[in-house]
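Which chain is which? They are A, B, C and D, in the order written, and residues in each are numbered from 1.
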């Protein structure tokens, strides 16, 4: 009985903790627990959630993709320039950044799978390169509708309305990016839980050698995982552009740490102790709730980080104290 | 014979590569290969080198300290405020930041060794906390001599001359921070190569359980490694303050990635394929040479990152293509 | 303020109808003051690093405090997505007024419209929100600032020689400054840019290191005439490098000015001799005043240009340290901006001060 | 298989080996540690690619470039290193069905219910009672081995390779395995069986191939050969499998354990070991031997009980303090616990004695090397050099390194947990000799094993452990295999 209870605390400890944080803010501030505000929170995390899903996938195959932030940046400016500089139709604007993601994923995979550079090292190098590429491409400028070009002329294009709707519109009262995020989370979760390819990725991450000996083409699996990671980051970049209505240089730089934090909090959810999609989603929610709630409480902005860090530690401690107890 | 040659290329490939980069810049720009400029390069990397030594140590015990950047920031502002706000004597100004480092290291170690939160997760959380602390402490202001205080008065202290000399002075024509760095690199290298404790750290990193069953106090070793990592970062922070003559908020934020890049390039040096002090030093040198050389060549600032990334990839590829060949 | 006045004709739907001041705008000072006390104001910032930023926040806070209100600062870590989320959240929390610091139209338009619908007045600083009716935009004239400091550069160098530019794109004010810079180069064919760099993520140390490399490349006196630092964080780094190298032939002309910068400009050994700037504290002050005008129900200008002031070392006293607070004694036009002040606001200040 | 050759980093492991397997036969592949058995089988199962040579099935040449190719050809393998083929954080069920899940054909959707049902059926076939929902990382080594065998049975194999499957298994479990192998044979499946336990080889195998130093020595019918033949072929010299018992003077009690307990695995153990005495603790798998050794060594925390060495209470708060008190442990899972595989032989050997080879903390390279080469010579460790990574040593030599690192310490009590698992007969008798010498040097030796024959041959006293307690004590010569088995399996009733 006691053991059951313990197991329960442990399994749902982190979720309970998130609920507690939400409850706290709801009691402290009336404006917090309103439909609109909760939607605002979800909308705010939607971009990070996409990037974090990508990071989760790379971690699932026991890799680590440090280049996601740079990929977000590149995809952001590519999306914006396609509209502003080249006046491309919507479909091109949506597809090309994903192709860019595929290319970055393949480069990462090539370095890691073929050249066998350890992932942290390889993706760090790619991070530098992609950061350089996106800045060189725009010469360091942000991209916005009818921006003045360097030759003195004015860029012909504007940010397309339907494109901006992707980031700012609502469907049945729910912000569209939130809908996209929820769909992505559910699909990714089902994929990794119930499809063979998803399990193959998890096997590869759990023990690459065992997976290989079971006849799995682990190189292919890892390659695809890196491509998926980069493509999710690209989607994050497209959403970012649609959300803010311009292409910002270095927009993705803060995304890396934020998404990693979400993924890590996700380790605690359901006491998985491992990267998992649902956990990542709740991790992103927790971070979003914290930022929103703390601002409402009028906590000095510079103390936000302290509280965020402490909450992170607590969430992690709940899980890992237990995971450890269980083992020994 | 052929094998020997291959082995040689491999072992010294990365060093050769660095030499090549230096040669290239030397041929391209007369001013590059002068004593003064080389000293400038070493001076420029001295701070990153200290931080990177810390990161190397945490990686040696199979950990990863993401909090070093935040530690640099905190130590920077602590150093500056001790002089400017509190007019402390030099010795206090030098010792207190190191104690701060010790405390951060102990917190990291507590979370990792006691609570058993995986290192990336724990140090990420600590990174947030420490970043919040240093901003809260200074309320977001930079710290400089006789700064106006928020209550309208003027801070009583100034940056001490002998303190600034640490970052800006020269000894026998060599910048003092360079001397410090060289001493630190040599000592750390000797420590890990020739002392019992250094060996214990490396063995703990190799396989913690086997090391524990061989009688090593692995918890102590890992704790000390995290403390060392944070203390090196603190020294980096102190040097930072001495170099720029003021305490800047968030000064350390870019240090994390830069030092990690140096450490990773270091994996290639002598084909170690693992963290090592000398490698880290050369990694930092390579990065410093690139920044300096590219600035001299007046390369567009936004392409710097691309070149840096490509050089990183090449340096890593040299090693890991070979390491892999060797194994199979 | 030399801003152009634009009559705001959206009287009916104007934020003037804010709940707190539904009384007519010509009501007596005392009751006005009561109605305007205790307001909750949100300040949403794109980034908040550096002394300049800190002083700006200070200006806002102090002014709101003078009016008996309370400020919540929402920082966005240079992430526009976070900034627009913060704006959403400020609207959701029904703040009485919203101040924006930087950002851009694309990211903020939707949120600002939401705020206006909710009858929350918005005053923006350097956010490029000119297209939205009902928002007062403060802007510091970045092109003018660059012109001023570059003009001084030309004057002191005799309009010839090699110069170094420290600049980075990606931020609207920077991009405006670049426009003036380009013009300047065209107009002064004898001035040649020999090096250009800049990194916003690590401005000071990176500039210091790179400047050292450039100095080594041009080791002789006279090789470099001057440095144009488009941001004070860059100027600090460049100043350190030049000063430590003992190259007193090179002068730095900067933009922006904080207390920290002022000390460096005053230092006779420092190469940094001039900077163009708007007083960060008074930006905050003026911005708050306009917000309170709106709260009071007044119609305010759509655009308020904050005139920059040019400060050179020669203007400053040699014998005492000057801060931005008392700089006005030495530099005309600095920090004295009475822009946006009204009688009832003065009354409010007096009333809330008690 | 014909003319198979394979070299690692220029060092040949196989030099042109021929090997033939027929359907419906159990073919034993024997050889000393490092002979190349596993390497040959890894080539056959696609885990390695051969440098030279051809493989043909039913006369058709076939290219085996990956494990997937081999599986398509019906070749399935249970690898020697159990942990390399399991995914620890997944369930038993998923691990059993791993090959199916990894295949690229069939439906993309997984029905978890049927996965667990099917896995449960196979487990029932091998008589293992285990929830298919349990995580593999919580299993014992034996259970892991059985999971791998279950995986094999879930496939439609034409050829089956079992690389030392019996090493971690108890006698009973091994019997079950033999029954399964007989079944496979009846179904016309060809089975390769690798083992260092010669008696079982002769019991169940039809053909025997012996390898030495990367070459095939001969292939014979099992019925036409005997242990002597095989051992001579393996080692290149005549050799009597024996347990060389070195006589040692028995002295004072060095280790005394009273009522030691922790959890359900060790429930109050009392025992004494005297100087110069080899005491064996025998028991079936799961009896709690490993747990006992870990408690004594401070690797796990005891709940109650007292332990003293030479009359002084031992400090068992950590392995480090246990070592200071005079313990040394050669753990069961050598690759994970005994040695650091990514480190050199030299660094492994010097690990516990870093203090004594350093002055003021500075290591003396000369004395480290002297100690290293001394130990390598004394124990007959076969390595390319002191700088070789232990990962590339054969199993027996790895085990010698795991023992060798303790021989220069001043430990008074040596704990050996199954030190002969996966070790060839030559190395095994080396290890026994080492243990004998330790006893002669006045050390107390506690030898934990499930190999009754070893205990009978080696020990001065035998303690039978069952379900966490010592149920019976025999002096040398008193016990037989049967009586040990009786107490080890039925002892429980006698106690309670």
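Miscellaneous remarks
The criterion applied here is as follows: a contact is a pair of C-beta atoms (placed from the backbone, for glycine too) under 8 Å apart; a residue touches a chain by one contact, two chains touch by 3 or more.
The shown structure was predicted, so the numbers you read here are calculated from the model rather than taken from an experiment.
No other pair of chains shares as many C-beta contacts as A-B. Centres computed as Cα averages put chain A at a distance of 33 Å from chain C. If you average the CA atoms of chain A and of chain B, the two centres end up 28 Å from each other. Remark: chain B and chain D have CA centroids separated by 44 Å (rounded to whole angstrom).
Averaging Cα coordinates per chain places chain C and chain D 73 Å apart. Under the contact definition stated at the top, not a single residue of chain D touches 2 or more other chains.
The set of chain A residues that touch two or more partner chains comprises 139-140, 300, 302, 304.
Within chain C, the positions touching two or more other chains are listed as 48, 168-169, 201.
The full set of touching chain pairs reads A-B, A-C, A-D, B-C, B-D.
The residues of chain B lying in touch with chain A in their complex are 111, 115-118, 120-122, 124-133, 135-136, 139-140, 257, 260-261, 264, 267, 300-310, 312-313, 316-317, 320-321, 323-324. Note for the complex: chain A touches chain C at residues 29, 31, 34, 36-37, 40, 43-44, 47, 138-142, 144-145, 148, 159, 164, 168, 240, 243-246, 248-251, 253-254, 291-292, 295-296, 298, 300-302, 304. Interface residues of chain B facing chain D in the complex, by the touch rule stated above, are 3, 194-197, 199-200, 203, 206-207, 209-217, 326-327. Note for the complex: chain D touches chain A at residues 45, 47, 66-68, 70-71, 77, 79, 83-90, 94, 98-99, 101-104, 106-110, 112, 300.
Chain D meets chain B in the complex at residues 9-10, 297, 299, 318-320, 323-324, 329, 331, 336-343, 347, 351-352, 354-355, 358, 361-363, 365, 405.
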